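Heads up, the next two complexes both have chain A, just with different partners, chain B and then chain C.
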Partner chain A sequence: MLTAVDLTKRYNDVVALNALRLTIAPGEVFCLLGANGAGKTTTINLFLNFIEPTSGSATINGIDVTKAPLETKKYVAYIPETVMLYRNLTGLENLEYFAALAGRPDYTASQLLEFFARVGLPDGAAERRVGTYSKGMRQKVGIAIALAKGAKALLLDEPTSGLDPKASNEFSDLLRQLSADGVAVLMATHDLFRAKQSGTRVGIMKHGRLVAVHGTDEFTHADLERVYLEHMHD
Partner chain B sequence: MISRIARKEFLELTRDGRYRILAGVVLVLSLLSLAVGWNNYSSLSKQHETAQAATRTQWLAQDKKNPHSAAHYGMYAFKPKSQLAMVDTGIDPYVGVAVWMEAHKQNDFKFRPAQDRTAVQRFGEMTGAEVLQVLLPLFVVLMTFSAFTAEREQGTLRQLMSLGVSPRMLALGKAAGVALALAIVLVPATVLGVVAFMWTTESGLLAGDAGRVAWMIAVYLVYFATLIAIGLAVSAATRSSRVSLLVLLAFWFANSLLATRAAADLAGALHPTPSAVQFQRALEEDLSDQQAVAQRLEVRRAALFKEHNVDHVDALPIAFSGISLQEGEEHANEVFDEHFGRLFNLYEQQNRVLQAAGMAAPMLAVRSLSMGLAGTDFNQHRDFVAAAENYRRDIQRVLNADIAANQKKGQVYLADRSLWEQVPEFEYTAPPTQWVLGNYITSLIVLIAWFAASAFVLFRSTARLQVD
Partner chain C sequence: MFSRILRHEWRLLSGDATLWLVTAVCAAAIGYGVWNGARWVRFQQQAIADASAEQAKRYDALQTQITALRQPGASVSPFADPRNPSSLGGRLGPKYATLPPAPLAALAIGQSDLLPYYFKVSTDARENIVSTTEIENPNRLLAGRFDLAFVIIFFLPLLILALTYNMVSAEQEQGTLALVLSQPVGTGTLVRGKVAVRATVLVGVLVVLAGAALLITGVNLTAAGAVPRLLMWIVAVTAYAAFWFGLAVCVSSLGQSSTANATILATTWLALVVVAPSLFNLIATSFYPVPSRVEMVQAVREASDEANKEGSKLLARYYEDHPELATGDAAQAMTDFNVVRVAVNDDVENRVRPVVQRYERQIAAQQQTLDRLRFFSPAILMQSALNDVAGSGVDRHRHFISQLDAFHAQWRAHFVPLIFAKARVTSLDTLPSFTFVEESTAVLWGRVGTGVMALLLPSLALAWFGFRRLRRYPVAG
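Showing the complex of A and B:
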């Protein structure tokens, strides 16, 4: 679903991403690990065509993102560290607006409320303006948007950082459900525990390179941490 | 898609307390300016009607007297105000609305409200045009400056662009949203304005003025669309709301406030007009050229002698005093045509400079068109001056011809009401809309060019939209 072939991004002399080769199949949850500046966010921005690759290609559903940016974005949903919403609009109005702009203007209010129910947004919150929402609630709205859009791939940029353990756990549950529905997920994260818990594979990035890829069933949480730190040391 | 974006933009704006206050203020000021304009218009047009009728009655009620005395008795001509003048008073407060027509003289216009004003008042007049050309553009700036920058700063732009929204659709949707928010203010004001028009005319809705009203609405719509496109383009192209606001405020200040002054100064420098004193002195010098008058009279006398085969004025079947008076008029007319013609041509050249300067500031193009359509511009002033002056000359011709025909040597000749009635009533119809548009074709083209260019720049700047 998501494929990177020799994907490279260079800013002047600094290599932000170096020849990334990656394929994420439907149902897979691929967690990108690595220090700040390792190239995780760059990878996601390249898939979203927010930045132009220096060389190589990123494809979504077999389509090059630079050649048909509007077409490829139909298949993905993006959830950043904090999902940004229109503070003067209610949760429902935000969801309706984003769903409509994502090409689904046809949902009724009750259908939209169902998405909120699925992601576990507290009752009554949908009618409140999002200016009052907690971060956990915003992330849930983000997932609801992805659900409403019917996205086949998710691009997540540290979506659980700063969430309390319960909210973070709920988020992981939702990811697992989506992956069970056949959604391909690419998630950049610092949270090794979360990566082990909800990921199917982890990739460790360093200085723009993907230095290691492992299945999460290969190790325990402690093993994963050891492997990660080993890579970080040298 | 566009309407969905527009609705959301509009909803967000209307939930913003700042917008509500601003829109309320703008609406109140618009209505206030309309009320002031309407009040001015209705009281002035009533005064004009009464005065015009009074001047005619006075003329007809003259005692028996020599026609030349009647020529000096004179009468007033009043420039009819178009209904749109209640929106745009144009140059009327500076050039006046009435002229005194008498023998020997092309008089300057009188009753200039500006004469009675202090210097400060000059800048503070609350007219519809002021609201449309200064206040509303500022309102547009405040509604558009953060359209893209705020979304970028909040991070919603990232979210939005990740959905696969075409930036062009986004720009059009935002433009429509702002237009809707503007319409909330403009539509009630326009509707009330049209209703006020209906009230002030006995002949019914917009009699004769409908074309001008439609054109004026169109001109302002294109202008606001241009301003919205400029605001959005700047917002899309700048890094932060603060920079965007600064750029747009600078543009507003230069366009709405500085441009008028600067362009007027430029026009004055390129085509300097003589001072009132200089003009008057040169005019009087030529008028009092006795040699020219004598020469004219000599030619006319010779022609008459030949025609009637006589060699003495007393032998002529007509009174030569009437001929002589008319020749004096003809001489003066030539001098007036030359001097006023030269002066008026300078003003027209200045106006052409102002129109061309619209390329630098679209407000100048709008200002010219607005005044032109309201009938308060220089061109229509000149048209009226010419009509009034022709009428004045007609009066003199009728009276002098009467003297020539009826004055007997050595007798006192007195004419009566039957002669006064031979002088037709003064009637003036404002030129048609096409004539106005013909005068301002440059401004029209400039305005459309600004609109096209701003739309192009908006699409270009959104095509390169940076999400953060």
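Showing the complex of A and C:
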């Protein structure tokens, strides 16, 4: 579903992403780990065609994202690290607009509210201006927007940042459900615990290079942490 | 999708106090501008009405006098005798040639406050009638009168820029852009939606408010030519707005911050709307300096003095040029004051002609220079177009002056033979009268159309460049 072939991004002398080769099949949840500046966000931005690759290619559903960006964006939903919304509109109005942009203008209000219920947005918040939301609440709206799109692939850049542990946990459940429904997920995260809990594979990135890929069923949480730290040392 | 973006943009815009503030300011400025224009039009109409009332009253008196003089024994000095063609055509019975305000004159005062709109036509030398008042500082128009044209030329761009300078950068800065562009929406579509909503709102508000103001101030839209002129006005305003929207799209596409965009746009506005007109005017006047008006007036006076001195010598020469008038007793004619006066007036005109021509050539050269340079400033283009629509520009005035000249010639042609023949005027009904013939709508469309094209071409170029660049808008990094 999501494929990167020798995907490389260079900023002058900094190699942000170095020849990434990666395939994420439907139903897979691939967690991208790595230190700050390792190239996780760069990878996701390349899939979204927000930045141009220096070389190599990223494809979604077999289509090169630089050649048909509007087409490929129909198949992916994206949750950024900090979801920013239209502050003067309510959560519901935001969701309704983004769903319409995503190609789903047909949802009824109650269907939209259902998405909010699924992500655990407090009752009554949907009708309030987003300007009054906390960061975690905005993040939940972002998740609802992604769910409403009903996309075949998800690109998540630290989606749980700012979520309370319970919401985080629920998000992991949500990911497992989506995975069961055959959605391919690429998630950048710093949360080893969640990666182990909801991921099917983890990849460790270092200086723009994907240095290791493991199935999450290969080890316990403690093992994952040890492997990760080992990679970070040298 | 597009309509969804429109709806969204309208919701954001209408929820924002700025729009309502802008509309309120707009309404106030438009109302005041139109009111000012309408006041000036009424002033002109009043002056013209006064002139024609004065003329009617004078003619009534003259007619009464003529009737009275029919009584046996009645007498009057030849200078005050309306039956004397020289007195009638000169001092007693001059008629007004007036340029009435065009139907939508209230839209733009233009240069009508610098150009005389009525003249008292007699057998006098042309220069004594036509004070060659021409524009000496076209820039004054751009800073002087607060009329609707001023509101459009100065404020409309500012309003457009205020609503568009950050239309993309604000979404970038507040972080919503990434989420929007992660959907199957192109930056171009997004910006087209934003521009469409803002353009509709602004141009709509402007046209509706201006229309309302016109109706309230009592403009008669059923007058001949009013509707085509109104259409031209809407087309011209739309083209001018298109230019500024094009510019905003172009600058937005550069991917700079809102602050940088604001700076770039404000500087461009300043350069095109404020600096360019003054600069171009300076260029025109320094390349083609106009001899001072004092010099002109002086020349006319000197010419009159000399011509008067030479009196009968001039008449001899005049006879050589116009042998058909040499009937009756030539020797007696040589001493006839009235006949000599015809020759003197003719001579004054000949003497003054080189000075006047030099003056007019320079004015024409200035005007031509400005006409060419106007393509570099949308503000000047717009001013010319609005002046044309309102009928307060130089072209309509030139059209008037040529009719005035024709009327002056006609007036003289009527009286000179009578003067030479020592005939008596018995009726005032056969005297020529002046009626202004309006420019044809086609000619007007031609001039306004040129301006509109000159505005639309750069708008399209800017928009084309902008939308091309928007495809590579830096969403991240």
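To be clear about the criterion, the second predicted complex is superposed on the first by the 233 of 234 C-alpha atoms of A that agree within 3 Å, B and C clash if a C-alpha of one lies under 4 Å from a C-alpha of the other, contacts with A are read in each partner's own complex, and residues count from 1 in each chain.
The definition used in the following text is that a contact is a pair of C-beta atoms (placed from the backbone, for glycine too) under 8 Å apart; a residue touches a chain by one contact, two chains touch by 3 or more.
These numbers were taken from a predicted model, which means no experiment stands behind them.
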item	value
First, second, both or neither for A:Tyr97, with chain B first and chain C second	both
Which superposed partner A:Leu22 touches (first chain B, second chain C, both, neither)	neither
Which of chain B and chain C A:Tyr11 touches, first, second, both or neither	second
Which superposed partner A:Val83 touches (first chain B, second chain C, both, neither)	both
Chain C-contacting residues of chain A that also contact chain B	48, 50, 69-71, 73-74, 76-78, 80, 82-89, 93, 97-98, 100-103, 105, 149, 155
Partner chain A, residues of chain B touching it in the complex	1, 4-5, 8, 11-12, 15-16, 154-156, 158-166, 467-468
Of all residues in chain C, those that touch chain A in their complex	1, 4-5, 8, 11-12, 15-16, 174-176, 178-186, 472, 474-477
Chain A residues within the chain B interface of the complex	48, 50, 69-74, 76-78, 80, 82-89, 93, 97-98, 100-103, 105, 149, 155
Complex contacts: residues of chain A adjacent to chain C	11, 41-42, 45, 48, 50-52, 69-71, 73-74, 76-78, 80, 82-89, 93, 97-98, 100-103, 105, 142, 145, 149, 155
